[in-house]
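Pasting a structure below so you can have a look.
Chain nomenclature is as follows: A, B, C and D, assigned in order of appearance, with residue numbering initiated at 1 for each chain independently.
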Amino acid sequence: MTKYAFVAALAALAWTAPAPAQTTAPADPTTEEFEKFRAVMEDANPAELWEVKGEQLWKTRRGPKNASLEQCDLGLGPGVVKGAYVQLPRYFPDVGKVMDAERRIVHCMVTLQGFSFEEIAKRPFSSGNYTPDPVSIVTFVAAQSRDMKIAVPQSHPKERETWELGKAIFHYRAGPWDFSCATCHGEDGKRIRTQNLPNFTKHDQAPRSFIGWPGYRMTGGVMHSLQWRMNDCFRQQRFPEPGYASDTITALLSYMGVNSNGFVYKGPGIKR
Amino acid sequence: MDRSRRIVLKGAGATGAFAAALAAGLLRPGAAAAAWNKGAFDAKTTADAMKALGYAGAVESKDIVIRAPEIAENGAVVPIDITSNIPGTTSISVFIEKNPFPYTGTFDVSQGALPFVHLRAKIGESSPVRVVVAAGGKHFTTAKEVKVTIGGCGG
Amino acid sequence: MADPMKIRATLQGDVADVRVLMAHPMETGQRKDPAGNVVPLHFIQTITAQLNGKPVFAADISQAISRNPVFAFKVKGAKAGDKLAITWTDNKGDKRTDEVTVGGS
Amino acid sequence: MKTKWIATGVAAAVLAGCAAMKDEAAYRREAAEAVKRDFHARGIATMDRLNQDELQRVCTEYNNNPPPALAKKIEDAQFETIKLPADRKFMGDWKVGARLAASGVGMTWSDKPGAAGGSCYNCHQLSPQQTSFGTMGPSLTGFGKKRGFSTENQQYAYMRIYNSKAFTACSSMPRFGHSGTLTEQQIKDLTAYLMDPNSPVNK
């Protein structure tokens, strides 16, 4: 049967196409119920346990070079942690690259402390009782930007290019299921199951994800950073695995971060 | 053994020295764990657990307030606030009826705490959360249903 | 050794509002690790709190309490500068005590 | 003089327009290069997954909104990919379909080859009893009851699941048959879940 014969047969049955899905989300009682308890959960967030751990790791002399991270330059000068997280990703002249927070921390662990990037990248995500050091450290660093405005810079040409690249990767459809990041995060008011999907192309919604990370994830009871969030999104996207602390991840975080500029960062979050 | 008696026994040595001994790890954990009611914790039903705790005759009360989500965002971490408005409340016990082992814990507030507790529990499937309050040697109870659903991509 | 607790004890009149975060896996004995092996039961069983050395709150709990447990309770008759100590003990005999000053940070 | 200014202005505008378009296309090319450089194969998720087919390329380029003629061309080509069951029977077991509809696994690097569900509830409301459902796609509650339990509608459901792009060029819905995610029998079971009068979807 040709397509047209088939469509004609359907039409003969006076079958009408379903009304298009609603473009604006109706008031969603499930979401409202979750929101009621969000403040309760945030008030006592196990993420604080990793803030403490991360601070120790930041200050302790470790690694082959027996150095602390207190000379690490997160963009505001060596050792300046306060406010650094909400201004990342940014361009770093010493490496000629844009780096996100965790990538920069790992860079400092490699250059200042002598750790091996390959070793860190072998097991970069939390599972069970294991939390990689960069995850604890980024939790500490992020907490030092609590209640500060997100201000990811776009003054250097490389920063603007990185944002553009992030936008293009965000919209890149591929894989067996034809997904891009935008498939789930390019429309307003959509859900997967009961989980809300912020539209990252919109300035008012992008912060809804960016602000919650690093986050204590109730599933598994582990601490996760944005590096993990990007990794697991690509898994769900049915893509191959993105490299840890790679240009692709930095570009996506640049896209999300800049789109969140002007909003107040609330510190490490708690996630479903 | 009655929980409040256990606290009194422990309270007998409750001086700065006791706290210091605890902090220094001098007291054997076995001493503190002696009264942990294994029979109740191992019970497969709320009724059996309540029997093991001596709560079998608990009467329904509107003076116990349970604040928990109607639908939990994640069954692994369900926030529960319990406040008892019953005068003389000495302890608050929690049972998650559909969990494999319903008895979740007892919070002793007889030694100077207000009759309130916040906890976060694992709820395997939609279930009533039952609370039993001990007050003046009597037992009171109420329950609230918490729904647990599938949240994310499921993969 | 177990990681430290995070305790906050703020003062509302003469009531100390206590909130505690504990680092503990709270294994139910039913979970499997990625290799498919059952992770044995491992959970906090008892919690006690002392205000200046005097017991003020206690709990017996099961493995159904969430991983990395969070509790809040309220202690009467507290004043700024009081010492609040919390101790937990788990089913393997591991234990941990941490202390904060009421009304402190 | 004046006309020259205008002419220059127009030329500049055209140039600027071209430059902007060129930039976007350049970034799209760069994105394709970046992912191919930064990603690695893991489990069943091989690197060839990053190569866009014609449909993926067009949908990316037009932000899922291609010109109508191009959309029609894609839809016609996708329609041709649909393999109907040899026995022309579209209905399987709705009970098996119910399990497939609720399963979100399949095709990720942590999944085993061949182990896949339909992920239907991630995006659609189906049985009114299931309160946990996504809203990315339209509600399919009462699918068969509303449309009529005809063979044509069974075939339509089968085709939609097999290759949704045959009807909407840049639909968000995966091509479950075309991509080899679901077998013919699994698509039949899902069709039954939508179209069987006894299925909870139609209750």
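Rule of thumb we're sticking to: a contact is a pair of C-beta atoms (placed from the backbone, for glycine too) under 8 Å apart; a residue touches a chain by one contact, two chains touch by 3 or more.
All figures in this text were calculated on a predicted structure; none of them were measured in a lab.
Undergrad: Hey, which pair has more contacts between C-betas, A-D or A-C?
TA: A-D
Undergrad: Between chain A and chain D, what is the separation of their C-alpha centroids in Å?
TA: Result: the chain centres lie 25 Å from each other.
Undergrad: Just how far, in Å, is the C-alpha centre of chain C from the one of chain A?
TA: 31
Undergrad: Just how far, in Å, is the C-alpha centre of chain D from the one of chain B?
TA: Centre-to-centre distance between chain B and chain D: 49 Å.
Undergrad: With centres defined as the mean C-alpha position, give me the chain B-chain C separation in Å.
TA: Comparing mean C-alpha positions, chain C is 14 Å from chain B.
Undergrad: Of all the residues in chain A, which ones touch at least 2 other chains?
TA: 30, 44, 192-194, 218, 221, 236
Undergrad: Enumerate the residues of chain B that touch no fewer than two other chains.
TA: Those would be 71, 76-77, 118, 149-155.
Undergrad: Touching two or more other chains, which residues of chain C qualify?
TA: 19, 66-67, 70, 72
Undergrad: I'd like to see which chains touch which, written out pair by pair.
TA: A-B, A-C, A-D, B-C, B-D
Undergrad: Using the touch definition from the top, list the residues of chain B that touch chain C in their complex.
TA: Listed in rising order, the residues of chain B that touch chain C are 3, 7, 10-11, 14-20, 22-23, 25, 29-30, 32-33, 35-37, 41, 76-78, 96, 99-101, 103-109, 111-114, 116-122.
Undergrad: Show me the residue ranges of chain B that touch chain D in the complex, using the header's touch definition.
TA: 71, 147, 149-155
Undergrad: Report the residues of chain C in contact with chain B in the complex, numbered from low to high.
TA: Per the stated touch rule, the residues are 15, 19, 28, 30, 45-46, 48-67, 69-77, 83, 85, 87, 89, 93-95, 97, 99.
Undergrad: Flag every residue of chain D that touches chain B in the complex, lowest number first.
TA: Chain D reaches chain B through residues 102-106, 108, 110-111, 119, 121-122, 131-132.
Undergrad: Looking at the complex, which residues from chain A come into contact with chain D?
TA: 3, 6, 9-10, 13, 15, 18-22, 25, 30, 164-165, 167-169, 171-180, 182-184, 187, 189-194, 197, 234-236, 238-243, 246-249, 251
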